[in-house]
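Next come two complexes, and both contain subunit A; in the first it sits with subunit B, in the second with subunit C.
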Partner chain A sequence: MITQEQKEKALAILADRADPKLQTHLNSCVRCGLCADSCIYYKAYGEAQYIPAAKVNMITSLYRRYHTTEGKLLPGLVGTRKLNEETAQKMVDLFFGSCTLCGRCAKHCSIGVDIPFLVGKGREMLAAMEIIPKSLQATADMAIQTGNNMGIPVDEFRDTIQWMEEELQEELGDAEAQIPLDETNKQILYTLNPREPKFFPLSIAAMAKIFHAAKESWTISSNYYDVTNYGFFCGNNAQASVMARNLYEETYRLQAKRLVLGECGHGTRAIRWEGPNWLKTTYDFDALSALELIGEYIRQGRIHLDKSLNQKVCTLHDPCNLVRNGGLLKEMRFVVRSAVTHFTEMTPCGTDNFCCGGGGGNLAMSEYNERRLKIGKIKADQIRQTGVKVVITPCHNCVDQLTQLNHTYKLGVEIKTVAEIVADALIINKE
Partner chain B sequence: MALLEIEGVSFEVDGDGFLTNPSLWNDEVATLFAKADGIEALTPNHWAVIRMIRTHFDENGNAPMVRALCKETGLKLKEIYELFPLGPARGACRVAGLPKPDGCV
Partner chain C sequence: MEWYHWMALATLLFCKTLFVIRLIEIIKRGAPNDLSKPSGSVAKGVRYSYTKAMLPQNKESAYLHPPTFGAGLIFHGGILISILAFIWFILTAIFGWATPEIIPPLCCLCLLGSSFCGVAILCKRVFKRALRALSCADDYLSTAIVTLFQLATAGYFYHSDPLPYYAIASLFFLWLPIGKTRHLLYFFAARYQLGFFYGRRGTWPQ
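On to the complex of A and B.
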């Protein structure tokens, strides 16, 4: 049962008259239905409940019921809904289990309603009522409690970094190659997705190899290296702020000039674009993605690549938060095309790209695994049609979803991060 | 919660196909889960990884770092990825009967 207190907290989120964006987008959908075909859930299931406008209606019907005069007086005439247990459960299913916040619908909307923004408000309402899918909330809580979303102890983290440093030294035949930990006054503080140290550390070694080739001055913090922000996924701005603040303060503590965000779509978005709003400040250091940094190295001639070292045909999967919602469409292609011999695009791609299916926290929610694999078939079919051998994507969340799609739909491809493909093409200058 | 049936045996699993009650795990469960992932026969190397994950879980309540897995089994990282194509989390931990690790896996 939902208490009166929970209800009031949730509804207060829609009452903010001082937020012109919220008020505009709550009152704008004309129900033309053009968004339907843009949504991977609707495409996969063909059910009306998955149409983005229906998700918008879920939230606007609550808004009309509780925050408009006509809705308060004549709720039956203006399409309203009561906020109760049943509604809350339906909201969880729609806002968490049927939306990856990919934003493709907003691009196809005839009048530009920011649909994922409204779904995000729905998630905030659920966070205010403390009704968040268990596995997602557990991941956010772990990051708050331990500083990283997998709860990796500091000594085990250090041990893994040292191991990768040894691997790097062996590969380069250079005992001086380093992965510097907790050093102050470096140009760059580099961040990671905890799945890298925990299960897939080769991408750390790959990025270290790039830093080495560029002769960069850099470090990783053993306290706060987690680039992810599951508070953002949970619609919990208080938790999201803590996570953003951890990286913000660590950048100051170590006196780094630039905060470089590892290959993570939502994390990059959360720190770079949402962070200053949560923290109510502007950053006086650079916050940029690893992808942009690599692009910079190539342009400035700080690293040199030999495309012929990557002969297999490659394609690129655009992470929604870096391309449609992050503006890195061209930069990503510049970097990848500089590193591989044969490149081909998926159709559609770029800002019209389909989500991998694992976005918006869906990868972490066991509750919706079956749905996630079904909507992911759209991406799997796209990959198959290109006939490529390698799919490159600068987002560890996408990497994991694509790995599962590769296995489930027997695509027979390799999935790589941008750092990994670039590291494979590096010409190391031994002076 | 869902029911997963492999070769006529039913298991209670979460949405991702991880065993709901890790204490119900045994070697037969491992063999069947592996088969469902396309691993026809578990080799001694598979078992070394599975046993190490299981021991770590019994002692610490979570999955080991892949670093610890390599150290204890003497296997190379690449070999672990080849043994379990779905990776250490969705592949090896699931076969070892652990709950799904949280995070981007």
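On to the complex of A and C.
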């Protein structure tokens, strides 16, 4: 049962008059339903509950019921809903289990309703009531308790880094090649998705190879290297702020000039775009994605690439948080086209891309696994139509989902990060 | 000026007052106070949001649904004509002006077309299962009232009884700020904010 206190906390979020966007978007949707075809859930299931407008209506009907005069006087006429246990469970299913926050619906909305913003508010309401899918909340809690969402002990992390350093030295034939840990006064503090040290350590070596080729001054923190932010997915701004603050303060502690965000879509969005607002401060250091940094190296001639080293036909999966919600469409193509011989686009792509299905915290929520793989078929079909051998994406969450789609739908492709494909094309100057 | 003129003007004042209050609220809240470092231009994003982003070729809601998009455009055109016609009727009641001969047949033609679109939009909502599931009373009522207002305007050009016309116009102005029809105001704010979001991040203009 939902207590009165839980209810009041949740409804207070919709009464926030200081938020410049909230009232506008709560009052804008006309339920035309034309957003249906923009949503992977509706496309996969064809059920009315998955229409983005239905998700909007879930939250606006509560707003009308409790915060508008017409909703109080004419509840049946203007479409209202009571906040009770049943509504809360439906909210969990719609806001967590049926939306990856990809934002494709907002871009195509006939009005311009920021639908993922409203779904995010719905998640905030559920967080205020402490009704978050357990698996997702556990991931966020782990990051708060240990500094990384997989709970990797510092010693284990150090061992992995040392192992990758040895791999790097062997590959480059250079005993001086390093993966520096916890060094101060470096140009760059580099962050990782904990999936890298846990499951894909070679992607750390790939980025280290790029840093080596660029003769970069860089370091990784052994305490706070986690670029992900599951507090953001949970709608728990307090937790999201703690995670953002960890990286912010670590950048100062190590006196780095730039904070480079590893290949993680939502992590980049959370730190680069949302972080300053959670922390209520502007950053006085650069916060940029690894993708932008690699692009910078190529333009400045700090690294040189030989496209012929990547001969297989490649395509690019656009992570929603980096492209539609991050503006990196052109940069991503510039980097990838600089590193591969044959490149082809998916249809649609860029800001019209379909989410892989793993966004919005979906990969961490095992209760929605079946649904996640079903909506991912849209992406799988897109990949199959390109006929490529390699799918590149600068996001480890997308890599995970695409790897599962590759297996489930038997696509027979390789999934690579941008750093990996660039590292494969690097010309290393031995001098 | 008869009593029904005053009644309609009173509802117009009610409508205008509510919209002005909401507009002041929107302006007072201002633009989002975003502390992140921009990588694009808010001004260009907002401009794009109101212009090219609205073109049918850039929105699935338009290019995947041309009949609905077309009907929606015509229907909204009809609303504009109806509101302008209402102002004209009030002015003629005050000053005794005569309506130029070309206006009634032209407006009637437009309004019959837009009313037909209104009925079609309403039918779509009634008969399409997914849309019906999404709808509440407001959705049917708003389209019905606005369509009725357009039909009444078309009829009134040909000197039908003023009472039904002004009663329907009053209902329209009463409902406009209450029902989902209030998107008349919020639409502009929503597009501004979407342009702000995408512009600042360098997603728009494309």
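Keep this in mind: the second predicted complex is superposed on the first by the 431 of 431 C-alpha atoms of A that agree within 3 Å, B and C clash if a C-alpha of one lies under 4 Å from a C-alpha of the other, contacts with A are read in each partner's own complex, and residues count from 1 in each chain.
Everything below uses one rule, namely that a residue touches a chain if its C-beta (ideal position, glycine included) is under 8 Å from a C-beta of that chain, and two chains touch if they have at least 3 such contacts.
Computed from a predicted structure; not experimentally measured.
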item: Which of subunit B and subunit C A:V78 touches, first, second, both or neither; value: second
item: Which of subunit B and subunit C A:N397 touches, first, second, both or neither; value: first
item: Touched partner set for A:E156, first subunit B, second subunit C, both or neither; value: first
item: Which of subunit B and subunit C A:E370 touches, first, second, both or neither; value: first
item: Contacts of A:K209 with subunit B and subunit C, given as first, second, both or neither; value: neither
item: When both partners are placed on the shared chain, which of subunit B and subunit C touches more of subunit A; value: C
item: First (subunit B), second (subunit C), both or neither touched by A:G275; value: second
item: Partner chain in contact with A:H317 - subunit B first, subunit C second, else both or neither; value: neither
item: Which of subunit B and subunit C A:H407 touches, first, second, both or neither; value: first
item: Interface residues of subunit A shared between complexes with subunit B and subunit C; value: none
item: Of all residues in subunit B, those that touch subunit A in their complex; value: 14-18, 37-38, 62-63, 65-68, 70, 77, 85-90, 100-105
item: Partner subunit C, residues of subunit A touching it in the complex; value: 17-21, 23-25, 27-38, 46-49, 51, 53-54, 57, 61, 70, 74, 76-79, 106-114, 272-277, 280-283, 286-287, 323-329, 350-351
item: Complex contacts: residues of subunit C adjacent to subunit A; value: 25-26, 29-37, 39-40, 49, 53, 59-62, 64-65, 68-69, 72, 128-131, 133-139, 141, 178-180, 182-183, 186-187, 189-191, 193-195, 197-198, 201-203, 206
item: In the complex with subunit B, residue positions of subunit A that touch it; value: 135, 138-139, 142, 149-152, 156, 159-160, 163, 193-195, 197-202, 228, 264, 363-370, 396-397, 400, 403-404, 407
